[in-house]
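Some structures to go through are shown next.
Common to both upcoming complexes is chain A, partnered first by chain B, then by chain C.
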Partner chain A sequence: MDSVFFYRNNIKAASRSGALQKIKIALQPNISVAGWPTETGSNALAGFKALENATVAEHAVKAGAQLIGYTRMSEFGFGLKNSMAGSVLQKKAADVELVLDLAGEARLAALRAGVCGFKPRYGLLSRFGLAGLIPSMEAISILSMSIKNIRGILQAVAGADERDSSMPEGKTPDLKPTKIDPKKIKIGVIKDILREMPANERESFEKKLNELEKAGFAVKELSFPDFSQFLAVHQIVGSVEASSCAGRYDSVRYGKREPQAKNWNEMYLSSRGAAFGTLLKSYLIQGAYFQFESYAAYENACRLRARLVAQMKNLTAQADFIILPAVNQAASENPATLAETYTQFIYTAFANVTGQPVLFLPDKSGAGFQFTAARLGDGQLLSLGEYLQGGGEK
Partner chain B sequence: MNFSERIFCGKLSSEHIGKTVQLCGWVDAYRDHGGLLFIHLRDRSGIVQIIFSPETSSENICKMAATLRTEYCIAVTGEVKKRIPGTENPNIETGALEVFVRELSVLSESEALPFPISDKAMVAGAEDASVENVSEDLRLQYRYLDIRRPAMQENLFFRHKIFQCVREFLDKRGFVEVETPMLTASTPEGARDYLVPSRVHPGNFYALPQSPQLFKQLLMIGGLERYFQLARCFRDEDLRPDRQPEFTQLDIEASFIDEEFLYELIEELTVKMFAVAGIELPRPFPRMTYAEAMDSTGSDRPDLRFGLRFVDVTNVFGNTNYSIFKQILQRGGCIRGINVKQQSAKLSKNVLQNEYAKEIAPSFGAKGMTWMRAEGGKLESNIVQFFSAAELDELKKRFEVQDGDVLIMVADPSDAIVTQALGQLRLHLANRLGLIDEKIFYPVWITHFPLFEPTDEGGVTSSHHPFTAPERVDFDPKNVEELLSLRSRAYDLVINGEELGGGSIRINNREVQRKIFAALGLTQEEMKEKFGFFLRAFDFGAPPHGGLALGMDRAVSMILRTQSIREVIAFPKNRSAGCPLTGAPAGVKKEQLAELGLLNLGGKNILPGEAQKETLLDRVSWVSRIGIAKEERSVMEEVLREAQKLAAEVNNLPVDDEPIRSVVDAAGIARPGLTAKKSELAEKGQLLKSAPAVKGNYFKVANILE
Partner chain C sequence: MEFEAVIGLEIHIELNCATKLFCDCPNNPGDEPNVNTCPVCLWFPGASPRLSRAALEKAALLCLGLNAEIQPVSAFDQKVYYYPDLPKGYQLSQAHLPLSRGGWIDITDEDGSAKRLRIHHIHMEEDVAKLVHEMEGRKPVSLVDFNRAGAPLVEIVTEPDFRTPHHAMEFLKALRAQVRNVGSSECSMENGTMRADANISIRTKGTSQMNTKVEVKNMNSVRHVGDAIAYEISRQSAAAQAGEKIVLHTRLWDPEKKVTTPMRAKFEGPCVPDPCVPVIKLSKKEIEELRARLPEMPADRAKRFVNQYGLSAEEASYLSADAEIAVYFENLIKEGVAPRAAMHWLTTQLMPAAKDRNQELSQAKVTPARLAALLKMLARDEINANAAREVLAHLFASDESPEAIVSAKGFKQVSDRGEIDSLIDKVLADQPGAVADFKNGQGKALGFLIGQAMQASGGKANPKVIREILTKKLEALCKA
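Now for the complex of A and B:
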């Protein structure tokens, strides 16, 4: 298990009670738990021990869950290199794992492990205490074999947090199960994605659509010609936010300081130069380029984002759910470069751009599919999942 | 408008009473007393109060006057009257007079000011305004307004007077002012040059002079005998708070003279310069050899306004049992100290041990510091028990200890560390204890400098410059030890711990010059290449000569006691070597670079566009403060190419939607009902726990400047 865990909590809480009292949760070392080495897989936070609990961790513990440890993660959760997300569930060492989803990492990790992965809508879970990377897109996501567990965790930890100023106002949403009647449900499929897919992928996707139709769902073709723009928008906006967000890793408040810097600027240059690995550094350098050398491109990407969000809203109004593939089989499984890393996220990055909820469901074939819904449709999405997994209310 | 009758505001006196005068200047301040308008009118000479009153000014004039605001440029004509007793303003020289205006012309209006210019209160007893709280960069950006302030005008006026005094004095002594070129060749000595590209000779550069050194010596060879110049010099050095990239120095050179001639000349000149501001310097200036200065103060520009001289006590501890001293002495080290006379009240055990020994002395490079306080005829400290009675008695004798004295000692195997650390401690103590009398000026000549300094490679380099005459010429240019023991005929003028100027007697003998170059390890070819034209001149009967340069900005700043040298320079650069007024240094158009042949400088083997790409990565790495290792460069260059492609892609998509930064309407930190509070983690110092470096209650960072 050493290869899975970055840190294991050996202190057992005396007695636990509450909705999650039988639940063991594994976290990534980017969610603060007081006293734990919250090092985010990066030298930038090497040796850092969290001073207090993240809101999600706090809520989970209050609901009786046991936090069992940190699993190994990629640097700041970007991409899946060195990430062991999902393994802890495969090995049944935890019931639930919280994994940061920046561009689809949590969903692809769920796919890799053959478990369910749920990325809630942006703003549903507090990010207070999260050492994140892309503030306007990232979402703490929940991986588990059981959707019931996912819903349980979500109900326990969701809701407004005055310490996360990026959350919307409003009441804690109702996440109770709803009844799924296939005859009344339209599942949309984006034909522009279908058209671009290689033959074999398309075949298995169409097989899935047939299954759904057999189960009584109506499948409806939707048109979204600009879908492919999500990736570029994600990369530009994401890298700019990452570069700005990582500005705080300056070897002053935490991290390691490179010795022998003659002055302040040199201290920054050398310490930050040593703090980030090549992949993350590539991303930060791109972000710096857009910010300082090509700001118009960032501004344009934000305009495109507005348009894509509106188009997606329009699309989700035409169907109850939308089904999408998850894995890009043309992408390398072990991407070495930034460009290769991004090609993994062709089908997943959209949900981070729009902030809508997505549920990844594994499939017997070893692959799996994403289901998404309108921005506030977290509850229904989980009900659909439960229905399709055969455990939901009929 | 005819200005022929104009009188200066500050020149009005009682003899003008009853007369009609014309005045010009700026509205310094105004006070409206319901129909009666008082204005402080300011020109270069001073301020006078002018009055617009319905009784003496026409209705039109009064109406026009009501529109006046500060720094309007105006001309008025009016009658001078004596003020009613009791209404005089002692803040201004013309405070007993006032002028009742009959005619007014607004010559030019002014917008609202970026900072106040007026510093003279309009009524007796009111406080003067000041620019102390105005950022210096703002003052420099609007320097023309800053210069309107009487304090700045006075600085520039005195600078002029001091320069005039220099010219007059040197003229009387037979010196000729000669201008040497600004566009000259780069010499390989000294600091970095500012380079000026040549359009006519693409790829070649002039250098701006770091000093007119070579030219002034050539003028001596040219038989001019006595030369001076108030020369502008340029040095591209690292930033220091009080350093200017261009500065003015008084450059002097004379033939058929020796050190004594220069000492007499410069002392008399310095006395005259200081006298411009009413400061008396005592003559003759004392002299100190370099070795004396280093041994007694740890500095070659000693501040002698206070005592705290070093005492060497190494041999007191020849047989000591105190293991730290013993080990240091076994390694050939030394022990020196200072007697801080009668300050034990201000230097408690706590201050000495926890501040000086633990923090301050180590920050000056010392590994430790020993202190003792004299009380009741005894020396006491935390380690006094390790010393024998004989050692303590000897210390009392050497330091001439009395009760109330404090001894500070530094020991180290390296003589240089002891000198350096104790020298800085000396200044620190003097400042902290207020031992420096700010009113006095203490000039001193430092002489007998080492001719050479050792290099890391085991050779020698010139301490001053390679044309400085050695004290003796019978040395072996191959014997490094002997070379390092040689003294030069160089001298520095130091006042209050600041080097005001320096110079030397120069070599005028070809053979000696060749020996010096040989000592520096230069071959015949290298000599020729570096100084060929200059050495050639010595083949034609060079007279014995010597000279000196005085930093005039620093001298004027010292004489006028200004906060920084920027206060005595009309248009200085700021601390970052930039000019907030003009924006210099600034980028130039590509065409300009192309014309100068600078687009592809640095090698003809670089592919087109390669040089620019390199700078893009360097630029991005710099603005984001992320260092890029050599082996990462190619990856990062590729990543930037991809980013450029991506940027082009999205820039080609026509979109006019309003840009969004978030998909939700975030509540923001100003959520109603929330109040700002200090984090408990901050209050308990928890936030410092993960910091790589902490000092006291603060995060510790590297120096902002080198």
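Now for the complex of A and C:
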């Protein structure tokens, strides 16, 4: 199992009673658990032990869950290289895994493992204690075989956190199951995505749409000609945020310091050069390029982001849910470059750009599908998932 | 060719908040190194900045006190640069959407006319860590003290309205008075809670062109700012006369040699919106509530002092500049001291005495009530002015009442005419020479004789009574 676990928690805490009693949770080593090696899959944090618990970890333990260990992750969770996300569920060693979703990583990991994956809306889960990379886009996401478990975790850990000021204040949102009546539900499909899909992929996607119609749902075609722009916006804004965010990994207070440097500038350069992997380095350099050399392009990307968010809001108002494919079968499974890495996320990155909730459901076909909803639709999405998995309220 | 200078100031002021800008660490940069730190101000992985409401309010009050317009929406940006004093690689500052825009300070120009110096904008930002360079044996080491990292600052950026060192110095003095008055900072350039950088360029007098500017730093008093600007104007004028090109760069003021020396090419890093600190939204209602908390401003107070207490404009403006002094003055009046006496004793006696002892008025043992008790004894002729000055010195050292000090130290004034009469007879007998001088019309002999009589009384006699009796006796002697 060490190929899956980066760190195992051998301390058996007395099981607490609570909503998550007996639930075993694995997490990625970018979610702080005090005293655990929170190294985020990067040499830049080699040897770093978290000082405090992340809010999500703390709430889960309070609700009776057991934190069983850290699973192996890609560097800062960006891309899927070296990530073992989902394996712990496949092997049934945990009930739930918490995985960071920066551009769709958690959803694609769920697909790979054949489990459900839920990326909550931005601001539903506290980011306190998350050693993140793209603050305005990434979200701690929940992988599990069972949507009931996903809802249980969400109910236990969601809600305002005074230690994370990016969260909305106020009451914990209602995440209770709602009744799904297919006859009253419209599921949207973005025809611009469909049109661009290779024939074989489109075929299996259309088969799924037929199934939904047979089950009584109304399927409605929606138009979103700019959908393909989500990826470019993500890549520009994401790299700029990553470049700033990784600035603190300077080898001074933690991480490994290269000994040969003659001055602080050399020390930064050589330590950072040695610590970060190639993919991350190219991402950070791209971000620095937009910051220092092409700021206007970054500003344009921010404006475009605002426009895409507005268009998506308009789209989600035209249907109860929207169905999308998850995997780009044309993308390389082992991407070598930044560009190849991004092609994996052409169907997923939109939800990180807008911050809306999205649920990945596995499927017999092996491909699986994403369902998304309006900004506050987390609870309804899980109800839809339970219905489609055959366990929800009818 | 005659040149004129175009000057703008950038002033950093450290807010006197209890905590830092984005965490709950104490805002005490002077403590033992690195005691006031936490995962947020050390920027550990997973830490999340939380904007201090108290700092926002102090900053907003400062803006309102400088006639600036608070913006309904402001936000923090990341000013990206890499340096050991900034461990996260960017400084949180408000580059694109500052807390306030506009504002002004009115000063008196050298010719006595009023001049308005405008403010471009005021923004909030966090301070960076302090680097300490030391020797470990023969090896130079640089140490980082994070106590100051994340301390709440505001930066005031003026319009290039300044033309002379006088403008800059008067602006800084008025700025300090107004900010101290709203209670947002002590604004001490000597202690580093106020730092002013000047941007200076020159142009041919009468033109409106904006030429390449030079930034000057490292002035730690208002006078240094004036001196540095004066130096830089003459340096640039000489360079321009010689046909040299002025290039954009930063210079350091050397207070010993009184020159500026080049430091570095000016580096402007990018400013990217920060995704973690929420956008600041202040409603009209919130802004008005803040405005209602503003104390009376120095200029308004000066007008009121002229009307209410009959002071001259100059006296009123002097007493109004510092809230602490103004409050002390009005407390003396409340205790029953006449306005002129209060003004006179406060400015010529108490303030210099407190300064000599390095004490703040608000902390000194000489409370308004105790000084008022003393001044009332003076007004009732129970003591004379000399004695009052001596009692004042005792008031700084002990908690006893002025009355007790006067009787214990024998400062009580002698006004008994019989006692003074015989004293004067003795002086006249002892000083025949001075009496003769007086008879010969030398007026100053009278002053000498008053002094002798005063001395003979051990300084306790009422000088008015001495003068009255002495004058009568001398006149009688002249007639005889």
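One rule holds for everything that comes next: the second predicted complex is superposed on the first by the 394 of 394 C-alpha atoms of A that agree within 3 Å, B and C clash if a C-alpha of one lies under 4 Å from a C-alpha of the other, contacts with A are read in each partner's own complex, and residues count from 1 in each chain.
The rule is simple: a contact is a pair of C-beta atoms (placed from the backbone, for glycine too) under 8 Å apart; a residue touches a chain by one contact, two chains touch by 3 or more.
Quick caveat: nothing in here was measured; it's all calculated off a predicted structure.
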*Should the superposition on chain A be reported as showing a clash between chain B and chain C, or a fit?*
clash
_More chain A residues in contact - chain B or chain C_ = B
*Could you tell me if A:I285 is touching chain B, chain C, both of them or neither one (first, second, both, neither)?*
first
*Is A:F205 touching the first partner chain B, the second partner chain C, both, or neither of them?*
neither
*For A:A310, select first, second, both or neither according to whether it touches chain B, chain C, the two together, or no partner.*
first
*After superposition on the shared chain, which partner residues are touched by A:F217: those of chain B (first), chain C (second), both, or neither?*
neither
*Where does A:F360 make contact in the superposed view: on chain B (first), on chain C (second), on both, or on neither?*
neither
*asked:* By the touch definition at the top of the document, which applies to A:A232: first (chain B), second (chain C), both, or neither?
replied: first
*So, does A:S136 touch the first partner chain B, the second partner chain C, both, or neither?*
both
*Which partner does A:F5 reach: the first (chain B), the second (chain C), both, or neither?*
neither
*Pick one for A:A54: touches chain B only (first), chain C only (second), both, or neither.*
second
_Intersection of the chain A residues that touch chain B with those that touch chain C_ = 48, 51-52, 136, 162, 165-166, 250, 252-254, 264-265, 268, 292, 302
_Which residues of chain B touch chain A once you look at their complex with the stated criterion?_
616-617, 619-629, 632, 635-636, 638-640, 642-644, 646-647, 649-651, 653, 655-669, 671, 674, 681, 686-687, 689-693, 699, 701-706
*Provide the residue numbers of chain A that touch chain C in the complex, in ascending order.*
30, 32, 38, 40, 45, 48, 50-52, 54, 127-131, 135-136, 162-166, 240-241, 244, 246-248, 250, 252-254, 264-265, 268, 291-292, 295, 298, 302
*Mind pulling up the chain A residues that touch chain B in the complex?*
47-49, 51-52, 122-123, 136, 162, 165-169, 229, 232-233, 235-236, 239, 243, 250-257, 261-270, 272-274, 276, 278, 281-282, 284-290, 292-294, 296-297, 299-307, 309-310, 337-339, 354-355, 375
*Given the complex with chain A, which residues does chain C contribute to the contact?*
39, 42-46, 48-51, 78, 80, 82, 84, 87-90, 142, 269-270, 272-278
